[in-house]
Amino acid sequence: MTGRVEGKVAFVTGAARGQGRSHALRLAQEGADIIAVDICEGIPSIERYYAGSTQADLDETVRQIEALDRRVVARKADVRDFDELKAALDEGVAELGHVDVVAANAGVFAFGDKTHEVSESDWQDVIDINQTGVWHTAKAVIPHLIEQGTGGSMILTSSTAGLKGTPNVAAYTASKHAVVGIMRTLALELAPYRIRVNTVHPTGVATDMILNEAAFKLFLPDVEHPTKEQAAAVFESTNALPIPWVEPVDISNAVLFLASDEARYVTGTELKVDAGYTIK
Amino acid sequence: MAGRVEGKVAFITGAARGQGRSHALRLAQEGADIIAVDLLEDIPGAPYHGATEADLAETVRQVEALDRRIVASKADVRDFGGLKKAVDDGVAQLGRLDIISANAGISTQMAPADELDEDMWQNMIDTNLTGVWHTVKAGLPHIKAGGRGGSIILTSSEAGIRGYGNIAHYVSAKHGVVGLMRTLAIELAPLSIRVNSIHPTQVDTDMIQNSATYDLFTGKQGSTKEEFAAASQAVIALPIPWVEPVDISNAVLWLASDEARFVTGVPLPVDGGNYLI
Amino acid sequence: MPGRVEGKVAFVTGAARGQGRSHALRLAQEGADIIAVDLTGQIDTVPYAMSTPADLDETVRQVEALDRRIVATQADVRDFDALKGALDAGVAQLGKLDIVSANAGIFSFGTLDELTEEQWSDMLAVNLTGVWHTVKAAIPHLKANGGGSMILTSSTAGLLAIPNIGHYVAAKHGVVGVMKTAALELAPFNIRVNSVHPTSVNTDMIQNSATYELFAPDLTPEQRTKEALAPRFQTLNVLPIPWVEPVDISNAVLWLASDESRYVTGLEVRVDAGQLLK
C-alpha cells in the first residue's frame, strides 16, 4: 500500500526534537522526503525554562528518517533569520526536487510573568520566533509552491492559546493568536493556487517544552519543587478527556491528515488536538 | 444628568484624529477627562499622511470646549519609556486612571504575504500589537492603584477575527490583539478590571479613504471612492459602505462605562454584519 | 497493514446513498463492520427524491464486496424506538459499537417568513432531533465498549447563516450544541464527539432541479444544467471548486473515527473549501 503522502516533500521547522521530529518521522513513515531545519541552540530568554535543542538532536532526527529509507536534507537555521531559512529551504528543494508540505512548527514557550511585568526582550523573542518565524517560513516556501503549480498544504502550529486566553502567558498567547491571522490570510491568498493553509492547536504535549519544573510551577505556584506526577493532575484538570497531555504523534497524525490529499478541500481551518481543553 | 463615564479618566492612544479623537470626544461628552497621545509623524509605507501637531491641538481644543480636562503629548506606542512617561504625567495631573483605549494603529504596505518587506512586517507588529501591549503595560499600574477596577478596550479589527488577502502583517497583529485581550481579561478579572476588544469594519477615516485601500478592495488600480464604496458595501450586510468613527466610540463608551460592568473577555464586532457574510 | 479502523463497528445513519454510503464504504475499506440505517422513503416537504430500499441494498452489496459485515435496517431517525431497535439488533449481531456517524439529514428552503410549519418541524425533527436520537441510542453501547468516537454531520450552515434556509441553519447550529454538550458529558468515558461541516457536497441533495432553481432563479429550467450551476456553487468556496465529493467528508470522518485522533474531542471540523473564510 502506498503511503498517505507518498512522493511528497515536506519542510519542517523545529525538527530537531519534540513535535517537529515527530512530524518529520510520521510524514516519512507515510512516504515523504523531509527538509528539516532547527536553530540547534538555546535562546537565552528561554533557557531559564528549558534547554534548547542541539545539533545532536537534529542528527538523531536525520538518522531516524534515513532508517525509514526516506531522504532528508537537514540544516541549522533560525526562523528569525529569513535569508538563512530561505537558503536552507532552497538547498533542500534543489536536492529533493520540490516541496509540497510545510509544517511551520518551530516555537518557544515563555511564561510566568503577568502581562505588564514581561520584559521587552522576553516579549520580543517570543513574537520574533512564534509569529515572525511562521511568516518567514511561509514567505520562503510560497514562491516554490506557486512556481510548481501543483498545489500544496501548509500546516501552521498554533496552540490552544491561539484560541483562548492564558493568564501569565501573554506574549505566547498573542503570538499564537497571530498565527491564526496569518493562516486565514494565506488561505485566502493561496486558494486560487490550490495551496491549502490550516492551523493545528495542541493542548499540552509531552515534550521538553512543558515537561520541566518551570512549567510545572506555572500550574503549581505554591509548590517549591513540583513533580511530574503533581503537575499531571493539574494538567489533566484542564482537559475534558481524562489525560494530562497528549503525545507528539497525536499532533503529527493531525498534521499528516492535513498534509495528505485526504484533506484536499480542507483549508482555512483551526484544527484542535486538545483533549477537549477549549470546550471546558 | 451625570454623564455615563462622569468623573473617570481615560487614556487614549492615537488620539490626534480619526477614531482616537472621536473616542476622546465621546468619552469627554459623557464626563471623562482625557490623557491623549499620538505619534504625530508620517509612517513609512502608509498610503496616507500621519497625524500632525495641529491635529492633536484640535483634539485638545474640542475636549476643552466640552469643559473637560485633557493632557496631550507626543508619544510613540513602540517606545515604552516615552509612553509610560506620558501616561504618568497625565495621571499626575488628572489624579487617577479608569479607562484605557488602545487605539493607535497603522495600515501600510499591501502585498501578498511572501512579498511583504521585512521592515513593513516588523513595524506593523511593533505598532499594532506590541504597541497595544505597551499601552496596557503603561496604564495598568495606575488603574490598579485606584483599586476601583477599570475598563480596557483594545482596538482590533474585522481583520482580528477573519483573514484578508494582501495584509498578512495587519491581520496577524490584529489577531494577536485578541490573544492579548483574552489573557488580560483572565489575569485582571480578580481586580474587577475588564478587558474587551472591538472589531470595526471599514471606518470612514484617512486610514481607508486613500487610493491604496480603494484598490485593495476593488482589486484594480486607480479605483474611485464610489467604486470602493460599492466594494466595501458588498462585504457588509447592512446597506452601508462604512461606519463613522462615532459608531466605534459608542461601543467604546459602553464598554468603558459601568453599564458594561460584567462584560469582559469579549471580542465585540461593530461591523454592520460584515462577519456574517 | 491493518486498516485504520480495523476491527471496529460503525453505526451510520442515512447510509443508503450520498455521504452516508460513502462513510460506510470508506470505514469498511479501512476494516470496520457497519450498522446502517436509512429512512428509504420520502418526506413530503423535501423537494427532491429521497432514497429507496434499492439504494440501501446497494450499500449492503458494496460493503460486503469489501469482505466486511453489514447489518442494514430501514429506520427513521425521528422515531427513537425504531432507531434504537435497529442499533441494538446490529450490536447484537456484530458484537459491539465503536463509531457513530450521525449523518442522516434533509434539505429544503424558503425565507423565514415563507417557511411552512411543516417544513420547519420536519427539518428540526430530522436534522436536529434525529441527531440527538442517534447519540442517545448509541451512548449505552459506547459506554459498554469503554470508549468510542461520534461524528455528527453539521454543515457550514452550522457555523454561519445562509439566506433562504433558516430552518436548516437553526438545526445545523443546534447540532453543534449537541456535539459540545456530548463531548463534555462523555469525555470521562473516553468517548469523543466531534462535528463535520461540509460545504456543498456532490450528492442528490444539491444536484436536483429544486436546488438549482434556488441558485439560478434567473435561468430557465432547461438552462439549469450541472455545468451552468457549477460556477454559482463555486462562488461559495475559496478553493477553485464548485463542490466537494462525498469521499472528502468520509476522509474527515475516518480520521475522527480512528485512533489517530484519540485526543480530539469537541471540534467543529470544516471540510469546506474555505467557505468559512469568506
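All chains are identified by letter, namely A, B and C, in their written order; residue positions are counted from 1 within each chain.
The rule is short, and it goes like this: a residue touches a chain if its C-beta (ideal position, glycine included) is under 8 Å from a C-beta of that chain, and two chains touch if they have at least 3 such contacts.
Only a predicted model underlies this, so the values are computations on that prediction, with no experimental measurement involved.
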Practice problem: Name, by label, each chain that touches both members of the pair chain B and chain C. | Solution: A
Exercise. Tally the contacting C-beta pairs at the A-B interface and at the A-C interface, and name the larger one.
Key: A-B
Quiz item: Centre to centre, by mean C-alpha position, how many angstrom separate chain B and chain C?
Solution: 44
Quiz item: Whole-Å distance, chain A centre to chain C centre, using C-alpha means?
Solution: 32
Practice problem: Name the residues of chain A that each touch 2 or more other chains. | Solution: 184, 187-188, 268
Quiz item: Among the residues of chain B, which ones contact at least 2 other chains?
Solution: 162-163
Self-check item: Shared-contact residues (touching 2 or more other chains) in chain C
Solution: 277
Quiz prompt | Complex interface listing, chain C residues touching chain A | solution = 1, 180, 183-184, 187-188, 190, 192, 199, 238-241, 244, 248, 251-252, 254-255, 260-267, 269-274, 276-277
Quiz item: Which bits of chain C are touching chain B when the two form their complex?
Solution: 160-161, 277-278
Exercise. Could you please specify the touching residues of chain A with respect to chain C in the complex?
Key: 1, 184, 187-188, 191-192, 194, 196, 203, 239-243, 246, 250, 253-254, 256-257, 262-269, 271-276, 278-280
Quiz item: Any idea which chain B residues touch chain A in the complex?
Solution: 80, 112-114, 116, 118, 121-122, 125, 129-130, 133, 136-137, 140-141, 159-160, 162-169, 171-187, 265
Quiz item: Which residues, counting only chain B, touch chain C once they are in their complex?
Solution: 162-163, 276-277
